[in-house]
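Residue numbering begins at 1 within each chain, and the chains themselves are lettered A, B and C in the order written.
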């Protein structure tokens, strides 16, 4: 059956309607969970608010385990879904740069949109920063074009690389995530006790 | 406002685990319907390509990076991710109105820095995130979250390097936040 | 509050553990009758004897020949590198392990099309991909590869080419001496376009 659009079950014309609907749901969940506040987001790195970790990893394990069941029930043809291509070096470097961006800026792109939506100026500046950054990247692209395309491994999954079935990864991520949820619950309580002021 | 975790002072956020489950189901639905995950930084990239294409079409086409995203049949804005990101704005607004968080412009910051500093660092952080997301082929939502959900190796790499770096450098920038 | 979290944790753990036990059944996923019908109607499952001969000669490692006749016939004559899996023993787990390997082409061979076709339908029903049938079976193999008929003088160039390839293949499989040896050898070595009309003049 699924994925519906690549399999032609839903026509291409519906693409953008569905995009907006999915976006609305995405934005709603992010905002409702508190991702529109940079203080909540940055809290994950300082131990006073683990909402990022909780939402992010719960979503991750639900999606991972869910995909396994969808595949089993025959609802989803895993060979037809998009697998992010892997570029080893550029992805590590990109991740490190994004890590800096996260600490300094306090947002990531999706969450900054929701921040803008409810009137956060820092989110607006972050979004402008994103625009400037990508523009700069495009202009300077010839300088690091070789690096950008290096380390390509193709559209590989963890299973392709390690030979271990996907379900083991789903289980491993679940166990680690659940352990982290319990662990951070205690950290958060302790850190918050020591904080003088925490304004949302 | 001195907060000691009293109920009154807590903003009305939904339970993070509920949010996580909903987000996970949304990813599942997105993959089920479209065959690919969510994303955010791609929309900004489309906006960059569009403005560049309007100002200087020839230079944009000859730019090795932006040239890939320019096509003659439709504007670069006419892509899935742009519509999805518009939806994110709408959804954020909807939730903000529902929970009473839509107010006039304001700035979130740590207790020890000024608003101006905060905005300056937000701009720098955004620029870095923009650059990083191009190298990483996606940001937290596109690469780290949706990529890892579909068991892509790249997604896991991006996720660990973002959060790993965050924790390593958090100490040095603590003035910004605590 | 804490008790709820404990229950949720357990539910998530059980669900995640459950995925470990899913994969087994998944491989024997059954095909929708409509899709099966579509595939049966289409002739894409057939490969010609010439294509099979070419792959054997080239030593194509992705080729997996499965002879579906009974053991006796298999002993009498079989294609090189073929494996004998009689129709009635297809469902042995041991035999099933030959199927469904990514990147290999499984080609069923019998005396004619019928048994191989039956085998093909069965494997499709079991959900395997990459299975094919050698068109015309071994009877056709005999006529085209082992004893190729020389086309008449005014036959098309393509037919002539097919014939010279077959003569080369004949030498390869039977060790028969060729009349026009130079010509034939070249034909075997040169890798022709896969979609050339070698199928012409088949069975």
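The definition used in the following text is that a residue touches a chain if its C-beta (ideal position, glycine included) is under 8 Å from a C-beta of that chain, and two chains touch if they have at least 3 such contacts.
Quantities reported herein were computed from a predicted structural model and do not represent experimental measurements.
Ranked by separation of Cα centres from chain B, the top chain is C.
Remark: the per-chain Cα centre closest to the mean position of all protein Cα atoms belongs to A.
Centroids of chain A and chain C (each the mean of its C-alpha atoms) stand 44 Å apart. Once the centre of each chain is set as its mean CA position, chain A and chain B turn out to be 8 Å apart. A separation of 49 Å divides the Cα centre of chain B from that of chain C.
Contact of a single residue of chain B with at least two other chains is seen at positions 17. The set of chain C residues that touch two or more partner chains comprises 5. Annotation for chain A: residues 61-62, 166, 181 touch two or more other chains.
Against chain A, in their complex, chain C makes its touches with residues 5, 9, 12-13, 15-20, 22-23, 25-26, 29. Taken together, the chain A residues at the contact with chain C in this complex read 61-62, 65, 68-69, 71-72, 74, 165-168, 170-171, 174-175, 178, 181-182.
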